[in-house]
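Chain nomenclature is as follows: A, B, C, D, E and F, assigned in order of appearance, with residue numbering initiated at 1 for each chain independently.
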Amino acid sequence: MIPQTVIDQDIKKWIAEDISYWDVTANLLPAAQAKGKIFTKQEGIIAGLNIFKRVFDLLGTQVDLLVEEGNIVKNKTPVATVKGPIANLLQGERLALNLLGRMSGIATHTAKMIDVVKKSNPSIRICATRKTVPGLGKYDKYSVVLGGGDTHRFNLSDMVLLKENHLKMFKSITESITLAKAKTSFSKKIEIEVQNEEQALEASEAGADIIMLDNFSPVQAKLTISKIREINANILIELSGNINIGNIENYVIDGVDLISSGSLTHSVRNFDFTMLIE
Amino acid sequence: MIPQTVIDQDIKKWIAEDISYWDVTANLLPAAQAKGKIFTKQEGIIAGLNIFKRVFDLLGTQVDLLVEEGNIVKNKTPVATVKGPIANLLQGERLALNLLGRMSGIATHTAKMIDVVKKSNPSIRICATRKTVPGLGKYDKYSVVLGGGDTHRFNLSDMVLLKENHLKMFKSITESITLAKAKTSFSKKIEIEVQNEEQALEASEAGADIIMLDNFSPVQAKLTISKIREINANILIELSGNINIGNIENYVIDGVDLISSGSLTHSVRNFDFTMLIE
Amino acid sequence: MIPQTVIDQDIKKWIAEDISYWDVTANLLPAAQAKGKIFTKQEGIIAGLNIFKRVFDLLGTQVDLLVEEGNIVKNKTPVATVKGPIANLLQGERLALNLLGRMSGIATHTAKMIDVVKKSNPSIRICATRKTVPGLGKYDKYSVVLGGGDTHRFNLSDMVLLKENHLKMFKSITESITLAKAKTSFSKKIEIEVQNEEQALEASEAGADIIMLDNFSPVQAKLTISKIREINANILIELSGNINIGNIENYVIDGVDLISSGSLTHSVRNFDFTMLIE
Amino acid sequence: MIPQTVIDQDIKKWIAEDISYWDVTANLLPAAQAKGKIFTKQEGIIAGLNIFKRVFDLLGTQVDLLVEEGNIVKNKTPVATVKGPIANLLQGERLALNLLGRMSGIATHTAKMIDVVKKSNPSIRICATRKTVPGLGKYDKYSVVLGGGDTHRFNLSDMVLLKENHLKMFKSITESITLAKAKTSFSKKIEIEVQNEEQALEASEAGADIIMLDNFSPVQAKLTISKIREINANILIELSGNINIGNIENYVIDGVDLISSGSLTHSVRNFDFTMLIE
Amino acid sequence: MIPQTVIDQDIKKWIAEDISYWDVTANLLPAAQAKGKIFTKQEGIIAGLNIFKRVFDLLGTQVDLLVEEGNIVKNKTPVATVKGPIANLLQGERLALNLLGRMSGIATHTAKMIDVVKKSNPSIRICATRKTVPGLGKYDKYSVVLGGGDTHRFNLSDMVLLKENHLKMFKSITESITLAKAKTSFSKKIEIEVQNEEQALEASEAGADIIMLDNFSPVQAKLTISKIREINANILIELSGNINIGNIENYVIDGVDLISSGSLTHSVRNFDFTMLIE
Amino acid sequence: MIPQTVIDQDIKKWIAEDISYWDVTANLLPAAQAKGKIFTKQEGIIAGLNIFKRVFDLLGTQVDLLVEEGNIVKNKTPVATVKGPIANLLQGERLALNLLGRMSGIATHTAKMIDVVKKSNPSIRICATRKTVPGLGKYDKYSVVLGGGDTHRFNLSDMVLLKENHLKMFKSITESITLAKAKTSFSKKIEIEVQNEEQALEASEAGADIIMLDNFSPVQAKLTISKIREINANILIELSGNINIGNIENYVIDGVDLISSGSLTHSVRNFDFTMLIE
């Protein structure tokens, strides 16, 4: 989905980062051809195969992918073979696996959160935040999508999101939303983060597209949502604030559309792969 | 330690990533000055303060740091204040905290592993690997240092490290080390990863600077180390292979110099901070 | 609105483009200080003052702005003074005025189209398209905003816009919109371009956020809009297709929310300025 | 003529500008192959075909060009076909046409001005200025060449051009030209802009290579040119200052070598093309 | 002369090249202020002071220049002092001196060649070629200017220079020059490289601006020049082809305007400086 | 050895530097195919063939290499043929030869110094310094390797090297080395530059990995080395300080491991090649 020209530019920078002069170890190797096979060392969702492949392509080796992007894979599954000069294979291994490991880790974790939610309310979307790693924003968001999640806004240019700190500069929630509607392109949605029921209801009246209930307890959330729904049946409702795999079950409430969690991208657990040279 | 010109170039790219056009929310704010205060929401080691500060500097706001790089900080500690136009404060917040959160997360985790080791063998160094996030290699390594750890080699140009996949291309371990010494600059150390005792002893005889015992059980490691030490008292010995905070205690063995762990940088737990506008 | 770090990176590239080695004319000048004054040579809306100023800032000269961004200015109005080494003033002149001229030209033309519309239907927004100059997208869009217009989507990542060529790949309009809603982040709006009334009504039923009537005659548009409004009072309706300053009057129809025109940015008439050295 | 490596770097940046994350609309399309055909919607000179082609090449689609660079094309002429994945075709369409439209617009307008001049004095060259769009300087100049015009100097490093504002720093025109000849490489020509006959004659005596008569009326120009020619038959004479398609006829004077017009590049009228998916 | 924004971008890249992670030696130093003084270790022309200064500026230290750009300096002359954190001083030292050493080396060598020529024919210009170091073209050319030389054309976009290999593609020298005049902007000069007298005379008749006598012996050159001068007194005549400090004396011939030498930039002798910390 | 993606990025920048707009001479050539052959014009070691080849590859021409990297070649040896459009061949010629000439010049000079040393002590390594050309560090170092030399540390991140100016900040040599061992990664070697015998012996006792005897006379060096060897037989000993091809013979002393010389890279003598179009 990310344009290949963009991916390639990134990979070239990352190769230069990892091989600032030349690979003093690969430099000792004979000019031999070899074949490597990449295996999973755990189960989960595989994500980032195309980025993984481009690393090896750009290093002059050939990749065959054995699974498909976004698939569920079991432990010890072969995911790809790579052929080419042994020096090039070993130069690309770590970079390629770092990317595949992070992206699959994000996708796998996203899928786990969705699994919890799905049981009681399959229409809730699990969403990322902007708590991504600098420089990897688009890869982190794409991994969330492959895991079945929603990107939320890409960045600060993508949607209006009035948070608690913004609201301090306005007389009222109504004023902030009215201004947002007047000054923002029709092409943008307007979301507002609220701290309590009163704010939530004012925001609903004022015509926000999405309301984020920030740090609401499940009980509070339930009450507030039912009142919002009386005002507007179509407004999107998001829950946010330290919701993670450990507690998300409590937030699977009727009427919730979205649950966002920074942990999807800020505290990634690497997906473990290994490359064996045959 | 990382040159400020380099940090600034990175931050400029990351600002452009997060504000690809303009911040459609900040755009609604009045041209008012404000003051923000950043607090910890957990305890640990703070790392990345200068990078955090440069984000705000480059956005035209003023930062006062209230703690020192590498310090242990308690929960709810104020770590910095930022003053300037409210729009600029809020534009920098997420990027600055993403960096501070990741770097402090790495440093804190490194320190925890060191704490375990220190009790019985304070001379062992806890080392990072190249399992860093692409584009953030130097920041990840620097965070490990702030947590008290060792960077290990920076990248593929930094030291010879003959791993299992490399060794398949040589007749013997001795041949590989002999070649490495002949073809590599005097300025580089030569490390070799071994899978068993026999290899370890051959590598010691052949004159490697460092021997990595890969995936050795604690018992195996203990036996092998004592035999290596009979050959060479000064060679550095590294343990590696799925060692993490949960099992590191078992690897604190006499004669070990280094323990490396990919988990320091590939599965980072974000350090939680918050910014309050006063 | 565009981050200053981004503007500065662009300007540095443009300076390097215009002075690939050194300025062989400025090189003849004495090391004298001078003062330049920039005047309008026509009337209109001024746009791009901050970008203009950064060109001179980065060349080591001081700018005082005499008017405000987005103001209406008469012919022969002094808009800024610049002080500094004469060589630097003259090196920046053309680049600074090329930017100010293009941006003010866009803003002025946008305002003219709004003036026409405003008389009979002040709630219609005049919108840009993606027919911007490569490399200047954000500056072109920002100029439209300063002229009172709407950016429309920034780029291909910003909103779903299903056009005639996309629709050929779907069985029906309904299918395309249903898929878009399912596969796209909640944070994005969904717009569809239609060629006739039937499509327009299907799209309205299917739940698009915005419907673009492409190349509808004013009469057709009027009829179709009234039928759309029966289905959905809140859907946004956009008119598009060779609408320009010469014919826009015909498209100021009740119920229209948006009129977009590529001419705002693809056929810019430069706003004329001159710099006099005192 | 512009090196392909340079064009490709530019296009990659422009793709990244237009698809900052991924194309949320193309993302909905099936993985189908398609064929697009690009048609003119007006007549004129076609320019920029190779740049147009590289956009699609870099997006992984195949282009066949049906006309030749610089040709005169009628309305409704097919100029190229593009084959490949439908998503890639539609991602490249706007960028490719924005470039082709601007470049062909410039070439067509240049050719129109030449047509006027050619009738009475075919040896006059129509020249661009540095009033180009930042970042597109070389494309704008190349378009002028394809329309039959002359680039004038590429940028500030390319030729000495002493303008009115420069001359204020010298005691006399003679002094400025003498200095320019002494301090400038033999490889550079020296041009001087003059405001009246007296200056023109002094410049001719002093040995300038080119004299620009700035804002001279046709009558003044005629008189001055005949006097310059008495001094030096070979000096090049340029007319400049608000000369455009509307008034150029008045400036087609005997003895004029060059007429320059900022309008060629600062107020471009887009050449209209359309792409149809078959 | 080179824009400071351009110099700064280059220096930032070079700092990143020399400190790819961080300076592991400077990292050991206390946070102390220090003062360094830079001395010449030979005599010659100093060139590159501003570039030298910007290295230290960008590293956060303060430079005072004690001599002026282009001056003749004796051995053991203090040329600058630098104050600031000791770590920053030592990080900048090598990069700053590498630049100053190369640039002063070029300027000094250029001046030596001019000294030889000046005795018998002070009007001959000593010229550089395009045999510069990739990436340093503008710095190499600027150094030649500071040594009193002429840049010759900056690059391939700067002037037409028809060399022996180009001429193989034309029927005659006359054809090539006629075409060059017709197809090239009026703003460019046209030079032609010739291998013998016959070609030289044909080129003179055909109206080249400059004729390069390539690898002519001094005797041949003398004869040919007198015949060229009979045809055209103003045409510039350049001698080229393995002319260097050792043999240039033989080429100081009446009627020669230019002598170019690749050795000025392709075989630079470094100018020796040292920095002492006080 | 240097990654091809890195080489390609560099070459693209260098092409853009040499052809900032377009090649105004090549632009006159017909669209003909041609074949060029590159010959040596001297004897020596050839270095940089792959970089040379990539220049032509990226310009769309085909190269056949006729010799191998690092070979000794005689005068008038054909080293490569290049086929393709004549315009592209001539555009690449100078850049390709500038690179090949510099790199082969460095390799050839390195080999000459080694030849001198080899006669009496073949185990001494001839080493480069950081006195490389900014932007070409990795190419300069690689050329030294191809000539048979040692790169020494790549850059400031590569090894600890405590020089005279660093030592002023420490109480003693012992303190500096102790600190370096404690604060630096195990993966780095520690070298110290000493000015006299006393310092050399202290450094040996303190456990430096390498001792550089700076500006020692051959007699002093001999004496000091024998005393160092009594303390530590394995420590590496480097001689440095104005050692060059003219005086290196005097420094070929028993017990010396390394001789470094800035002249290898700061005062390169270009290796002469020529390209003939057939």
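Here is the rule we use: a contact is a pair of C-beta atoms (placed from the backbone, for glycine too) under 8 Å apart; a residue touches a chain by one contact, two chains touch by 3 or more.
No experiment lies behind these values; they were computed from the predicted model shown.
Colleague: Enter the minimum step count from chain E to chain F; a value of 1 means the two chains touch.
Modeller: Step count on the best path from chain E to chain F: 1.
Colleague: A-B versus B-C: which interface comes out with more C-beta contact pairs?
Modeller: A-B
Colleague: For chain B and chain F, let me know how many angstrom lie between their CA-based centres, rounded off.
Modeller: Distance between chain centres, rounded to whole Å: 32 Å.
Colleague: Report, in whole Å, the distance between the mean C-alpha point of chain B and the mean C-alpha point of chain E.
Modeller: 45
Colleague: Measuring from the mean C-alpha position of chain C to the mean C-alpha position of chain F, what distance in angstrom results?
Modeller: 52
Colleague: Provide the list of chain D residues touching at least two other chains, using ranges where the numbers run on.
Modeller: In chain D, 19-23, 27, 91, 137, 151, 154-155, 157-159, 185, 188 touch at least two other chains.
Colleague: Inside the complex, what are the residues of chain F that reach chain A?
Modeller: By the definition above, chain F touches chain A via 1-6, 9, 137-138, 141-142, 151, 154-155.
Colleague: For the complex, give me every residue of chain D touching chain A.
Modeller: So the residues of chain D in touch with chain A come to 11-12, 15-16, 19-23, 27, 58-60, 91.
Colleague: Hey, which residues of chain D end up touching chain C in the complex?
Modeller: Spelled out, the residues of chain D in touch with chain C are 10, 13-14, 17-30, 32, 34, 36, 86, 89-91, 93-95, 98-99, 101-102, 105, 130-137, 154-163, 165-166, 168-169, 176, 179-180, 183-185, 188, 262-263, 266-270, 275-277.
Colleague: Help me check something: in the complex, which residues belonging to chain F touch chain B?
Modeller: 125, 127, 150-154, 157-159, 185-189, 191, 210, 236, 257-258
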